[in-house]
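By written order: A, B, C and D. Residues from 1 in each chain.
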Amino acid sequence: MADMTVEQARKGGAGSLTRFLRNIFLRNLSAKIAAAPMMATVLVVFVGCTIWTIWYSFTNSRLLPSGDFVGFEQYQRLFATRRWNVSVTNLVTYGAFSLVFTMVFGFLLAVLMDQKIRFENAFRTIMLYPFALSFIVTGLVWQWIMNPSLGLQGTMRNLGWTGFTFDWLTNPRMVLYALLIAGLWQGVGFVMILMLAGLRGIDGEIWKAARVDGIPTWRTYLSIVLPMMRGVLVTAVVLVGSGIVRLYDLVVALTDGGPGIASEVPAKYVYNYMFGAGNIAQGLAASTMMLLTVMIIIIPWAYLEFGGKGNRK
Amino acid sequence: MSQTATISSAGPTASQDARVEARGPRPTPFFTPRKIVIYSILFFACLYFLFPLYVMITTSFKTMPEIRWGNIFAPPIEPTGEAWIKAWTSACTGLTCQGLSPGFWNSVKITVPSTLVSIFIAAVNGYALINWRFKGSEIFFTILIFGSFIPYQVMLYPLVMITRELGIFGSLWAVILVHTIFGMPILTLLFRNYFASLPVELFKAARVDGAGFWRIFFEIMLPMSLPIFVVAMILQITGIWNDFLFGVVFAGTQNYPMTVQLNNIVNSVQGSPEYNVNMAATILTGLVPLIVYFVSGRLFVRGIAAGAVKG
Amino acid sequence: MQHSVSIRDLSLNFGHVKVLEHLNLDIAEGEFIVLLGPSGCGKSTLLNCIAGLLDVSDGQIFINGKNVTWEEPKDRGIGMVFQSYALYPQMTVERNLSFGLRVARMQKDEVERRVKRASEILQIEPLLKRKPVELSGGQRQRVAIGRALVRDVDVFLFDEPLSNLDAKLRSDLRVEIKRLHQRLKNTMIYVTHDQIEALTLADRIAIMKNGVIQQLADPHTIYNKPTNLYVAGFIGSPSMNFLEGELQGGTEPVFRANDGTVIPVKTYAFETAPNGGAVKGVLGVRPEHIAVGEAAKAMPFATEVEVEIVEPMGSDTLAYTKLAGQTLTFRADSEINLRDGQTVLVGFDPGRGSIFDTATSNRI
Amino acid sequence: MKKYAVVAAMATAFLSSTAINAAELEVTHWWTSAGEAAAVAEFARVFEEQTGHTWVDSALSGSGTGANPVIISRIIGGDPMGATQMNTGRDAEELIQAGLMRDLTDIAEELNINEFYVDQSLLEPCTYEGRIYCFPVNIHSWDWLWLSTAAYEEIGQPVPTTWDEYVASWPALEEAGILPFGLATGWPIAGVPGVLLSGIGGSELVLAVNRDKDVEAVRGPEFRKVAEAMDAIRSVVSPDTMVPAFADVGNQILAGEAAGNIHGDWLQGDLQVAGGVPGEDYECLPALGMNDQLTGGGDAFYFPVLPEGTDPEVLEAQTELAKILISPEAQLAFNLKKGSMPIRTDVDLSQANACMQKALKLLENGLLPSGDFALSSDTQQQLQDLNIEFLGDDSITVDDYVERYASIIETAD
């Protein structure tokens, strides 16, 4: 439906208020109708759920959301629980490494694939296939590989290299890096695809200009192409970031939080207490704490990225 | 007057003389340092990626005793395919012992509509956000991105209640709605950033020709979004095909996806797991997304090439 | 005298498609060469070969006497300006100009000196702190030229730099490029499909078709003495009139059009004296060279024609008529008011026209 | 919503096999392994033979964390299943209180289950305000110490008959390079303290801690011995000797790589699948050979209230299933395969193996409430976290363990 043309608006002429209202509702009417599902999802689901979560985290509801108000009791218990505090520090450590390595390896592999090499399709599928397999079993395979007796370390020692130690899976200080190995194996492929799409979107003449300017290829990638891929990088960071915050399947399949609670993560705490322990209030309190930290990071960054300047990024 | 790079200080080496008589295409030896570096990094990357698959495939062709006593990296001594057959046709998933097959078509029934609906809505969102910016559209988008960080387990009960009020709980529509909701943040971001990278003149020219919101979307924007459409498809098909929780809770018993059978085979808490059947079952379940990746590889390149030409 | 750029027996094929075939071209120091031709004639490909962005399949390229066939673009002493300007979007104008120099680790003051000099020449000093997205098309193009300027290159390469601009801006920038050439006296190779740019800018024009240079000459020669039918038809708008017929050689050479009209061509400067026999040929005459009314009488050949369509163009009027069964267009002063259907006397001096051999389509 | 257009015909007398119209009854459970599936198949067989209805199986693996969210979501979503299995315990308490579970008291009275139920305490978690809402169908007990005859032959010592003898044999085992205590990663450690509590602590301590939640009992000397036993186990177990799944421990015991392990009676299923024969390849010590009562819990069946408009034939099918699940024939067939103890006293268990016979003798002295049975899931989860943490982190002393155990019991509800 074509938009309100200028003449119609002027003919209306019933004072600035109606024009103001018309401006809010009728301008871009079709855009608003088209974006209605998004707005509904945002308001009802995301905002609604967050309020629901926060509300019931102040109650003592157990299996069903029905308990009565108990103030900050759940939070006091949460902060007193060592497993929760360890989970948060684990997530920060794992998250930092996972974000940096995924983005760096993703970009490096995308650059390699962008070099018009042979068998590109084969290489791309090899890097992407882990993304397709459900993590329950692939986690088990990694568990085998990194298991001190069954896996790499045991085999190497049998082959005579007795000094070889690779016991990260069962070593409390190193288990997070064992998670990282399996996590990168599963996640880097998709980030590479995303970045390759970004690289291929760059205008060919930029490359020619840089070559004529005598700028070496690696420098062109870093100083010219990378800043141009801002949109793709933002998408990748949000994708990897949300994967880190919601980390659950990888931990359950690979270490189940062990050894001890050395690889516990917040989402596992939320899931265990909401369903396993039938105490949704405690689970929701944990989830609210997670959302709070995310909000503190996201809101200022999003304001800077989308809202603030309002110009087309 | 000119300041071309001075000839390298070393005496005129052999390559210098050759350069003087240079003719035709520059001779590129087969082993340039650049190629060596590229292919060696790719080689080690492939080793890292393929190693678990090697273990999975060899294990899936071994018999249980051979797995229990043998070394997991050793290839199968007497390979048998019965684990695969069992996984597809006769592995026990609770009372019924029909392997993965019963759930296959249910998974297809869930994945195809969910993928298409979620991608379409996200594409419209991305398009509206970039080209038809209206009051508050950026705030909605920020909350949407924030939404992608909420652990999905937390939203289970509210979504159950929402779908119950809509009267679609326990039907295909419920699972399609849930996947559309969970896919929306990332997919909208994908499309939004992609449309932002298209030259703005395209959109302005269409507006000048009097094309409305939907005509521009279908006739100009959508055809150009093939590369990002492929990326979105890879993301959604993988996510939905491998999903267990939403399929089981929202789709209703008659639509249990294949992941329920897989989970029952692989994740039986009490009994002793049959590792070869588990491996075979996982690879079988993963086949559909894998085929999509390989096919999308071609689309991917052609789409991208089309995209690049526009520059 | 050493050539600034010389291309020897250059050919290039993509797979088995032959794009350039055994091409030779010598460009003198400080010369402004324009590669003109329809899209797909290989002019951009040739430019990319000179720049080193494309590997040639055979042949050699010399710049300032140095064989650069295997050299990287940066070592060829060339600068290039692209159709889409190809500025680095995330960098300010100042950084766009200086980035190449800083990568080559040039001292800071030398970099600043060059940037200052270039931005003065191109009057882009106030724009130095802005980002490309904030500049107009014309400004962006000047910054693109500046990028080559700061590197003090021997040869400037332009790849259809003005085709993205609107008409008025195009003529402004055309004048600027000409002024730049006069001031810097660098060799410049300019690719375009717009003949006005070619005629106004070039010292010499190379008309190209299917990877082969049809003619390489100064604009005046190209305009008045096209070597073949293709070049004649390509240059000039409205394009040249063509009359098909037969050339009768001998002491009194005469051109007999298909319908029998006889046109004495004694005044025509033949490349090779006609040998008396009859040759099937095409007589070409430019609309601007056709005299109308009184002036036609003085011409060696004049005839009555009936005007079919009149197109007033402001400064003058264009008329479409029929001569010897083929259309004939001519340009008349706007004072002579012509009406459709009016018969008028027209005439022209074949000496200013061209005659081509139909078989070889080459000039006779 | 399930829509069946079937004329409602009152079912003829109970156990009549000629039900006029067959209805489909969906049953959810998490018995997905080979042994368990065979056992639940018995229930289905008996149900379909005797009632003509069809048992629609929807198995969901993952025990508590895996299946609970689905079962609860389906019920509150208004698309409940016909019947569902859950741990006998307080998981479903709230569902009962919210009136979502069907009242089975009249069926119980009709069959006057008090006569044949082996232990009334089993029904406690199912009763709410005097009404019964679930039927326990078996008894599983964690109270088992499994010992490897091969390991003890190798070190030339007789197979221990009590916990103390077993601990005494550890040094000799370690010299021979045999793992004194085999353990799998994850949840299996959670059951061990309960077994030590009943074996070393004795029945009074179990009742005091699990039932009465008496904090002083936890701080008392007997419980300290339990904590020290846990510390002893911790000293011989290290992360890199732990195996991925508890069935692997079963293999270690049969192969003599591990000397012993504390695990529930369902381990027997795997020992038999791997070809182990009780008495020859492995020994079983109920209640660590030191107590004459077993702690136990088990599985129970709940019947969600079906939405109105569900065809009465399905309601009838629910009632019949409830009766059949605790009928002698079904109980015998199911428990033999499952390796758990039936809830009926009048079941002839001569075919049960030696270990099961030992358990049945102890069962006559009455059942002690195990943790799963008496404590809320929330408390159980906190105890499991504590035990996993204690096992994995040597810096937590026995005193810390006792103190934190006490604080958890203190806030237990």
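Here is the rule we go by: a contact is a pair of C-beta atoms (placed from the backbone, for glycine too) under 8 Å apart; a residue touches a chain by one contact, two chains touch by 3 or more.
The model shown is predicted, which means the values in this text are computed figures rather than measured ones.
Among the remaining chains, those touching subunit A and also subunit C are B. Chain centroids computed from C-alpha atoms place B closest to the centre of all protein C-alpha atoms shown.
Placing every chain at the mean of its C-alpha atoms, the farthest one from subunit D is found to be C.
Mean C-alpha positions place subunit B and subunit D at a centre distance of 41 Å. Note on chain placement: the centre of subunit A and the centre of subunit B lie 15 Å apart, centres being C-alpha means.
Look at where the CA atoms of subunit C average out and do the same for subunit D: the two points lie 92 Å apart. Between the Cα centres of subunit B and subunit C there is a gap of 51 Å. Annotation for subunit C: residues 74-75, 84, 151 touch two or more other chains.
Residue positions of subunit D touching 2 or more other chains: 69, 76.
In subunit B, 153, 157, 263, 266-267, 311 are the positions where the chain touches two or more neighbouring chains simultaneously. Pairwise, the chains that make contact are A-B, A-C, A-D, B-C, B-D.
In the complex of the two chains, the subunit D residues touching subunit A come out as 64-65, 68-69, 72, 76, 91-95, 98, 185-187, 238-242, 244, 376-378, 380-382, 385, 388-389, 391-393. Across the complex, subunit B is touched by residues 55-60, 64, 66-67, 69-71, 74-77, 84, 151-154 of subunit C. Put simply, subunit A touches subunit B in their complex at residues 1-3, 24, 27-28, 30-32, 34-35, 37-39, 41-42, 44-50, 52-53, 65, 108-109, 112, 115, 117, 120-121, 123-134, 136-138, 140-142, 144-145, 150-151, 155, 158, 185, 189-190, 193-194, 196-197, 200-205, 231-232, 234-235, 238-239, 241-242, 245-246, 248, 266-267, 270-271, 274-275, 280, 283-284, 287, 290-291, 294-295, 298-299, 302-303, 306-307, 310, 312-313.
Remark: subunit B residues 1-5, 19-27, 311 touch subunit C in the complex. The residues of subunit A lying in touch with subunit C in their complex are 203, 205-206, 208-216, 219, 223-224, 227-228, 230.
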